[in-house]
Amino acid sequence: MAEKHKLLEVKGLTMDFGGLRAVDSVSLEVHEGEIAALIGPNGAGKTTFFNCVTGIYNPTKGDILLHPKGLPTRRLNGLKPNKVTEMGLARTFQNIRLFSDMTVLENVMIGRHCRTSAGIFRSIIRDKGVRKEEQEIVETSYQLLKKVGLAESANEFAKNLPYGAQRRLEIARAMATEPFLLLLDEPAAGMNPQETGDLDQLICKISEEEQIAILLIEHDMKLVMNISNPIYVMEYGKKIAEGSPQQIKDHPKVIEAYLGEETDA
Amino acid sequence: MMKDFKQSILVSIWFVFLTFPLMAVRVNTTEQVVEWRWMSMVWVAIATFSLSYAWRYLLARKQAKKNEEDISHGKLQLLMEDMGFRYKAMGLLLLLALIFPLVFDTYQNTIMISALIYVVLGLGLNISVGLAGLLDLGYVAFFAVGAYSYALLNHHFGIGFWSILPVGGIFGCLFGVILGFPILRLRGDYLAIVTLGFGMIIKVVLENWSDFTFGPSGIANIDKPGLFGMDMNIDSSTTYIYYIMIALVVFTILITNRLKNSRIGRAWIALREDEIACVAMGIDMARTKLSAYALGAFWAGMVGVLFAAKTTFINPASFTFMESAIILSIVVLGGMGSILGVILGAFILILLPEYLRAFSEYRMLAFGAAMVLMMIFRPQGIISNIRTKYEYKKLTEETEHG
Amino acid sequence: MKKITVLLTSVVLSFGLATAGFAADTIKLGVAGPHSGDLAPYGIPAMRAAQLVVKKINAAGGVLGKQVELLIQDDQCKPEMATNAATKLVTDGADVVLGHICSGATKAALGIYKDAKIPVMSPSATNPPLTQSGDYPNFFRTIASDDMQARLAINFTINDLGKKKIAVLHDKGDYGKGFAEFAKQFIEDSGKAEVVLFEGVTPGAMDYSSIIQKVRRENADALIWGGYHPEASKIVSQMKRKRMKAVFVSDDGVKDDSFLKVAGEAAEGAYMTGPRDLSKNELNKAAYEEFKAEYGTDPGAFYQEGYSAALALLNAIEQAGGTDYDKVVEALHTKYVETPVGDIKFDSKGDAEGVGFSVYVVENGAFKELK
Amino acid sequence: MDYFLELFLGGLTRGSIYALIALGYTMVYGIIQLINFAHGEIYMIGAFVGLIVAGICTIYGFSGISVLILAAIAAIIWASAYGYTLEKIAYRPLRGAPRLSPLISAIGMSIFLQNYVLLAQTSDFLPFPNLIPDFEFMEPVAYFIGSPELVILVTTFVTMILLTLLIKKTKVGKAMRATQQDMSMARLVGINVDRIISLTFVIGSALAAIGGVLVASYIGQVNFYIGFLAGVKAFTAAVLGGIGSIPGAVLGGLVLGWTESFAAGYVSSDYEDVFAFGLLVLILILRPAGILGKARKQKV
């Protein structure tokens, strides 16, 4: 098998908050078709890492490079989050951030914003092109809802969805931005085993059917071990291990980190 | 039962204590007299005793509703969401609006024009506050920009109403962009204080820059809107302005409604709901905020022109923070984001005090209290935002077959 | 839904009430001014004056045998409300109007009255262009205009007090800034003194210490203040505290008992202009007693002027033999009428002849007329 | 140089009052991230209660600095009571609501309180009795600093030291700091967060009341509207210094006081407010967290 195309390349990423180093020269790569995972105990700096990659924080040091297929490489450091998303990198949030007073369908429609173009004047005039674009937005969004199994609740308020469904809605919304790399921040947090199983399948399905590479943060090792490869492990802001699930399982530092946490809890 | 009673007693004792110095005593240090008003304490006690019951009942009901989830739609709300009824109601309203001046006298028309001016102001502010969630406490500044652009251009160059009407809107818009550019990075509450500051700065400039704005004495003899050079007396020109205003309101409703249900409108609402998620979904925050702010300003500028033409005299005293507060309460009470609600809000807040002149002293007191109570018990306003229904099932079927 | 019905009913009802009620053949005297809101103290005395005059005249048989009916409208001194009030008065068929109180509101309303051919007389709008611009032939007033006040104040400061370096401050308001600008112009025209400082202060600001320091740095020997008494009290208190010797000269807005009480000792020696002392005028005494008998308190601002305006307007109708606009205006210009502010008629521009200002000084906690 | 010193002292006096009021804004904001718009009204109510007490005393023939202290105590008691009630009625039911809701509620409360005092009392300016005697020892310097200024400076200085001690040294202060850091964490370790929030309002209101009485006796008059401008300015000061930071509020107050004083002294008092707000906008653009504020990263 030929070398897979490298999509995201993070080199020596460091993020300081005042005197505190939340992420300490972490490097990581995601290739086409992969479901990569970033795991680690609470407070290891995973979410900060995500925030740096998606432009919410501007990293102190290091490079974040995006290699879209067929397009020149882009450095993401310091880019605004919306630019990052436009580039084809979408994310979900650890503590769900839906637009709670909008309907489920509208939430996904927001994801289409950066792929559509109607401006103020055209929205007022509402010419044929705009009407067609609106139709396309509704259409695509509805299809995405179907894909994540939320078509039935399209007209409900997002805040009224059950927890698991809200997580899936976040994924659908992110997918509406047409990413080639999807970053999921603890997608299984707070789910029961049944829901987690469904989510497993959904993630695999997205990866296969949509040709979207996935980088996910997970706290729960089990989910990760089933579906991801490679896995990166962080602790106290540093990367302590990387490799296949098997390698990670046997890695002494990982065992230490997780055992230590286990006794804490 | 007993517990409630005890609690209410405590509440009323507390309020008697609280209001004692301000309500029971009146010291006139100019005349050197002290006036004791013990009766007011009795009233306070009775009023707070009964209000505390109402308060607890309403809070409990709010809690219960929260648990029931989303069955909060009242009858009025449901009626309003019925499209057929809405069209009929709108048609009827428009008809009523059109025959209004034929039935009522000039005075009623003038009052109605004032109310309609506030409808447009409310709808404009609704874009930035209601839809995009940008609290603007200096909105009246844009109103002033519009009014002064007409007054000055008319005074110096004699340019007529119709040519300035769009120009006023564009000036308002431009000001929105100029002021908005540096400050829209700020978080919600900072934005509120800075816009408040801008509102005050504009007033200070209008007062001080006498060479340009004629200072506090204002500009008089502004032309009323002309109609093919016809000479109009006060009655017919009021009626004429009334119809212009109706047209402007209809125009505003049409456009804001279209914007609300567009790609841009959705981005505004998303921005209000969650800024971070919004940018993460690829929406350019600065641009979206700026567009909301500037479009809000556009309407204020436009209706400012009409205001100047209507009163024929303007001075800085018409553009105070209180005006901004009144417009804000129209939006809040009517229902943030809801076009229908804002219209209703404007009519209630402007017409009611006009017809209940006897209570006009209590007007601002009631505004303030209503703003607080609305936020607590009915944050969605009198008529909450009516959700757009998207047609998708049919389309989906079509694509699947085709 | 029920709430809405109640609301609608009340709105409809009030429409009905507002439009109903055209009485028989009467002479309608409109009265407009601030009767609520923070400026109400300036509007209510004139309104009561009109009520008292009308009561008295009606009891004596009315004007030309007709009873006088009062139409009272509140404008809160706001231009937009003033136009509403004016329209209402025109619609209700007012023959003459007593008002408005604030210059801004008056300016806004005058166009409407002009179109409807209604004579208007203000007891308090002192803004000079109201008469001097010639735009409003239907406008009259029973109070002298700001420039007269300013001229008197400046003459007094320069000629009687012999001051050379004058600082002019104002409150950025319509009245205060207008007065200050005239003062500045008259000082410059006189050639005998110079304006060393001309600035506005923010009403309601915490203190005026910096501006007071500035006045001292400029070595001003007189401070002219254009504005009202709350700020004036702050200024004189701070001047006293800073041990400043400059004299304080101001306008009618400061000649208020509150100024004496708030500023206390600091007010001693302050000069201000104000309407001529009329306590010796018989009509004025009578008007004062009437008010005292009816309301039990002192009348307040613009009572005499309001009383005089009501008398002048009704007298003009009497003289003209009807409410015809041209005849009433003619009568106002030509026929003298005895009022609490003196024996007056109106010049071609609408200013009252025979109404004037005096300079007062604060002495032992009271205003004393100087000339 | 004299002139500079005079302006400096004038700005210091004004700024220290701003600082007293700004502390209330900053403490409340630090804990519940709310601009308590009605805080200026609390200041006004403090001044009014002080006027009522002082007025009654002087009418019955008492005078002097002890009356001022009595008036201040009454002002503190009632202003605190109003602050406490304000939080309970207008803000507590809105905890967890969208950010805009409590802010609008606060604006509503501000309008309400203003008009409440207007209707219950009067719209006129009422003279505040002159209770601060001219100290003999101040006579040589009375030229640029008077006794009232001295009283204001000393009082604010002492108040701020007491406040610092309260926050740094006492158990309550620790609980307040903990709640400010992380409300849910504070709740977990057994701090009664609701009570701490109430307490914050009470302390903030007490400070505003002190400011109110000081200003009233300094400028000698009170009316229902004095809270609006003072509140806006004090809030500006709090934001300048870095909202949420207590030393920041003090610094912000002083910086604002000096800005206004020097602007009026060296440029023109016509545009005093423009300078104040211009400075605010400038600071917010250059340093959004204020002079001493820490950039508070929102948790994502």
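We just call them A, B, C and D in the order they show up, numbering each chain from 1.
Just so it is clear, a contact is a pair of C-beta atoms (placed from the backbone, for glycine too) under 8 Å apart; a residue touches a chain by one contact, two chains touch by 3 or more.
All of these numbers come straight from a predicted model, not from anything done at the bench.
Two chain pairs, B-C and B-D, are weighed by contacting C-beta pairs, with B-D ahead.
Centrality by C-alpha centroid: the chain sitting nearest the overall protein C-alpha mean is B. When every chain is reduced to the mean of its CA atoms, the largest separation from chain C belongs to A. Separating the CA-averaged centres of chain B and chain C is a span of 34 Å. Each chain gets a centre from the mean of its Cα atoms; for chain B and chain D, those two points are 30 Å apart. Averaged C-alpha coordinates give centres for chain A and chain C that are 71 Å from one another. Separating the CA-averaged centres of chain C and chain D is a span of 37 Å.
Annotation for chain A: residues touching 2 or more other chains are 56, 93, 97.
The residues of chain D that reach two or more other chains are 124, 127, 228, 270, 273, 300, listed in rising order. Multi-chain contact residues of chain B (touching two or more other chains): 29-30, 204, 208, 276, 361. Residues of chain C touching chain B in their complex: 1, 4, 7, 10-11, 14-15, 18-19, 36-37, 74, 76-80, 83-84, 87-88, 90-92, 103-104, 107-108, 111-112, 115-116, 127, 129, 135, 172-174, 177-178, 181, 200, 202, 257-258, 261-262. Across the interface of their complex, chain B is touched by residues 29, 33-35, 45, 48-49, 51-53, 55-56, 58-59, 74, 78, 81-82, 85, 89-90, 93-94, 97-105, 107-117, 119-122, 124, 126-129, 228, 232, 235-236, 239, 270-271, 273-274, 276-278, 280-281, 284-285, 288, 298, 300 of chain D.
Of all residues in chain C, those touching chain D in their complex are 38, 40-41, 172, 199-202, 204-211, 213-214, 217, 229-230, 233-234, 237, 241-243, 258, 261-264. Those residues of chain B that touch chain A in the shared complex are 69-70, 255, 258-259, 262-267, 269-270, 273-274, 276-285, 291, 295, 387, 389-392, 395-396, 399. Looking at the complex, you find that chain D touches chain C at residues 3, 6-7, 10-11, 13-14, 17, 118, 123-125, 127, 130, 142-144, 146, 148, 215, 218-221, 223, 225-226, 228-230, 233, 260-262, 264-265, 268-270, 272-273.
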